[in-house]
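Order of writing sets the chain letters: A, B, C and D. Residues in each chain are counted from 1.
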Amino acid sequence: MSQSKFAVDNSVDLGGIRLRNPVLTASGTFGYGTEFAPYLDLRRIGGFVAKSLTLKPRVGNPPPRIAEAPSGMLNAISLENVGVDAFIREKLPAIPDGVTVIASVFETEIERYAEVCKRLAGVPGVAGIEINASCPHVKSGGIEFGQKADLLGPLVRATRRASEVPLLVKLSPNVTDIAEMARVCEGEGADGLSLINAVQALEIDVEKRRPVLSNTLGGLSGPAIRPIALRMVWQVARAVKLPICGIGGIAGPEDAIKFLLCGATAVQVGTSNYLNPAIAGEVAEGITAYAERHGFARVRDLVGALEAWPV
Amino acid sequence: MVENRSEGAANRRLVLRVEGWPGFAPGQFVMLSPGPCGSASRSDPLLPRPMAIYRAQSGEAERSSVRLEILYKVTGRGTALLSGSRSGDRVRLLGPLGRAFAEPDPGEDAVIVAGGTGIASVYELAARLAPRMDVSVLLGAQTRDALMGRDDFSKLGVRLQVATDDGSEGTPGLVTDLLDAAIDAKPTACIYVCGPTAMMRRAAEIAAARGRPCVVSLENTMPCGFGVCLGCATPLSEGGFALTCRDGPMFDAARVAWDRLP
Amino acid sequence: MSQSKFAVDNSVDLGGIRLRNPVLTASGTFGYGTEFAPYLDLRRIGGFVAKSLTLKPRVGNPPPRIAEAPSGMLNAISLENVGVDAFIREKLPAIPDGVTVIASVFETEIERYAEVCKRLAGVPGVAGIEINASCPHVKSGGIEFGQKADLLGPLVRATRRASEVPLLVKLSPNVTDIAEMARVCEGEGADGLSLINAVQALEIDVEKRRPVLSNTLGGLSGPAIRPIALRMVWQVARAVKLPICGIGGIAGPEDAIKFLLCGATAVQVGTSNYLNPAIAGEVAEGITAYAERHGFARVRDLVGALEAWPV
Amino acid sequence: MVENRSEGAANRRLVLRVEGWPGFAPGQFVMLSPGPCGSASRSDPLLPRPMAIYRAQSGEAERSSVRLEILYKVTGRGTALLSGSRSGDRVRLLGPLGRAFAEPDPGEDAVIVAGGTGIASVYELAARLAPRMDVSVLLGAQTRDALMGRDDFSKLGVRLQVATDDGSEGTPGLVTDLLDAAIDAKPTACIYVCGPTAMMRRAAEIAAARGRPCVVSLENTMPCGFGVCLGCATPLSEGGFALTCRDGPMFDAARVAWDRLP
């Protein structure tokens, strides 16, 4: 282990998206980027994934949309967003130069997913597209696209065809076999995988004797899900060759490093942005410091650098 | 943390020394860590708590630091943990956040109606308006003990009236019962309201019936406080939602879809 | 809401197992019961589920077997237990009269599961059998019995035939559709369902750059998983008529009440027993106090007493 | 909590007032909540931390309460949180747990070897054996500053020797380097060891080579401390595992499968 200081190369390549460093921020937790300007110089991080977009602007669920949980929170925001056209027209231009933006897309039908991707294709400033597969497939009675291989496959195929932009697929954790879903995406030509989305969960108000969320169910995020996310990233890294963006409960540099060691090429910070809007920058700098301390000249050499136990 | 003392019932006053404070406008709030930040991080409870800025006084010596006061009530886990913290502890704070109370139109007076912890949101408004116009303040609480900030308000030179549910101080009953008479006395007043939802709704109805403008300060679960999580939706009468933290917490009462508040 | 005090009827019927009150303790977190005698009068709780038994005594994984996690812990104890015969011969007789004991069974093959159940059948003091379906099915390369309907169905069928004792099936949470697994168990004649078992997870030691657990993967338990467990209980309660025993992160009476409101007939306290060995008694008494305070004459009237949000 | 003060380097001394303490035997431990128990429960960090009972003195007035002392080192989150707690705070404690050190056979002397935080596990043993036999205590630490409990041991009337890695106190080097000479001086001694695994292993090897009985006090992650979670397995040379908390933490060194410790 080297103690000498040298310039660490922080850059990584996430399925064709070249990132200054491996720390992104997660869709839905970073607005459209500009909200963070007072707290964080966006050039300190690798980039951000914008709030998921639908074809038309949508309003979300009635309140309460949020419930606190042990080391986590539940949200049921639903589809609320400005719509893809307003994003391109108003939100993208407001983002400073030199900031990598990944657009996130979700819809209720495959054709609509593809149409949103088409509109994003070739728009300057869109470095990549992330397909949020955790959206319920309306015709299948609430099951998410990301929960069934035969819904996910066609979705990836259609969105792959819709644009040349690097395509990440964001996987749902609410599955028996995450590796199977990853293989489906790889087979259909995705450039990378993001995982995990929030875990389906429920919180109850015992005094009112009803679910806290007006939507009843919500997505659990935050440190509570981190060990689950790490497991899934580790499983997926062993199942496919695609680069992985690790997500789930990252609250500091150590957490991000765990994902890298498990095989993630980059990470996304989610819920923690709310608690400390500068956290993603601190995570990026902490990774560099760790690489220095442990003698890794390139942060990408940390990816998958996990030692196994003797069997 | 400079001080954290009981103010009667479950209420407490927190005094924080804050460096680099940019100043604030009445009605703004901060996000406060749920309990002191100890020598190591803990992820439970996770979310910061929104708390109105009661008032902020410049430090004597150092220009950049202020004494920031917060009046809070211990209601759940986060506020209970906060109540256990002591002078010298550190808390994490983000703010000031949210929009300020809109000032009354020229020539208007102000009637401020506040109940419970809502009182903490309106002190600064009363303090800033009092030198410039005639201000009536109606404060409500369940009991005399639970009444926050009474002594501070009585030093402001405002017309102060109190109602308690049990009649242990002031008029027995709801503070909104005093509103009609207050409007009688100031027919051109703008009405400012902060307190429990039912109370704000009632006050808004009275103001509407009397044709007076009414501003309410709403609460909501707030994970971020600065408009990014979309968690704090307030349903609007025109349809759709506003974000309580970014578009509020102050709203024109007529814009709020009271029926669709949880 | 009545404020008057009256004698609350705490008893519940869990698939033919009559319980003094709805609070059990979870398999693997309560040893064989006697370990708790210094801290908890076992008559304060509804009963306990003993450590899962295999046909032969087994030793578990090498250390480290435990990793701490945000609001939870990971364990990889593996199969360590005294074996069914020693349980019957030595452990059961040591348990005081009047304490309801449920035996838990796990094995790597269906025939062995059935054999353990046969040996437990008719043994005085065994009030019920809980089938731990979270055991990897050896022939299917690590997938758990509880993760695939066509492994779970035959398992329930065989263990159902092996004894007349009330049969609970404990479900794995590592599935896409927990309701489907519940329906399989109902179809095969189970008397009740226990859920959830620990969630598969991974924790990394960044300084050593290796998994904390010698087994790499472990099961996440504790408060972190409670919102996931509540969601699954709620889903299962809407899918089947079987009584449910709710498990996952219960740390106090409120948590247990959440499970009852979601449709669980009884609950099991797990990890929290380690932090406070008297907690299960406190949970039981707290439920009674809640019922009194809210005017429920019978604790079982709390089961499923959740109000829905207006749609 | 009566006191929580620094003892040099990352070491601290915790003094607790405990009611209804049943007494304890040398080598036993308690499970301590990771940080103070505040005014509301927090589930992170979750697990209690095992800590040796350094010593316990009966309270002057009340017979049932004792002053329980723990020497600990701040290594991670739980101990960092503990270090932030102050007089008046409450901690949750379960114990005494585990088996005691076996006494030397009649006619045997005792050589006690302890390093780092392991020193905290052997003070009471030294204190109880000292009046009855010839006791040598060899203490090791990285630096003089990091050496725990030195002054307490020097009051016990034991033969005390110190080694530090950097030579800032006593002999430079490993404490186990002193063991051979100590056995030379006391050829019929029973050897007691507590410290880092590598050090215990080395001491066990020396004891075995000299044909002396050797007892080691092992560490392990312990969620429960009373034998129910099976989380704290110590691999045995005879095959299988023992539970560190229930069957130990003291083990005959010859029974431990050192190669299979993590």
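Here is the rule we use: a residue touches a chain if its C-beta (ideal position, glycine included) is under 8 Å from a C-beta of that chain, and two chains touch if they have at least 3 such contacts.
Note that the structure is a prediction, hence the values are computed from the model and not measured.
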Fewest hops from subunit B to subunit D - one hop per pair of touching chains: 1
Separation of mean Cα positions, subunit D and subunit A [Å, integer]: 46
Distance between chain centroids, defined by C-alpha means - subunit A, subunit C (Å): 33
Separation of subunit A from subunit B, taking each centre as the mean of its C-alpha atoms, in whole Å: 36
Set of subunit A residues in contact with two or more other chains: 67, 69-72, 214, 222-224
Subunit B: positions in contact with at least two other chains: 41, 43-45
Arrangement of touching chains [line / ring / star / complete / other]: complete
Residue ranges of subunit A in contact with subunit C within the complex: 67, 69-72, 74, 143, 147-148, 174-177, 199-204, 206, 208-211, 214-217, 220, 222-228, 230-231, 234, 249, 254, 257-258, 261-262, 290, 305-309
Footprint of subunit D on subunit A - complex, ascending: 70-71, 223
Interface residues, subunit A side, partner subunit B - complex: 28-31, 35-36, 51, 59-73, 75, 77, 80, 214, 222-224, 251-252, 271, 273-277
Subunit D - residues contacting subunit B, complex: 35, 38-45, 76-78, 80-81, 83-84
Complex contact set, residues of subunit D against subunit A: 43-44
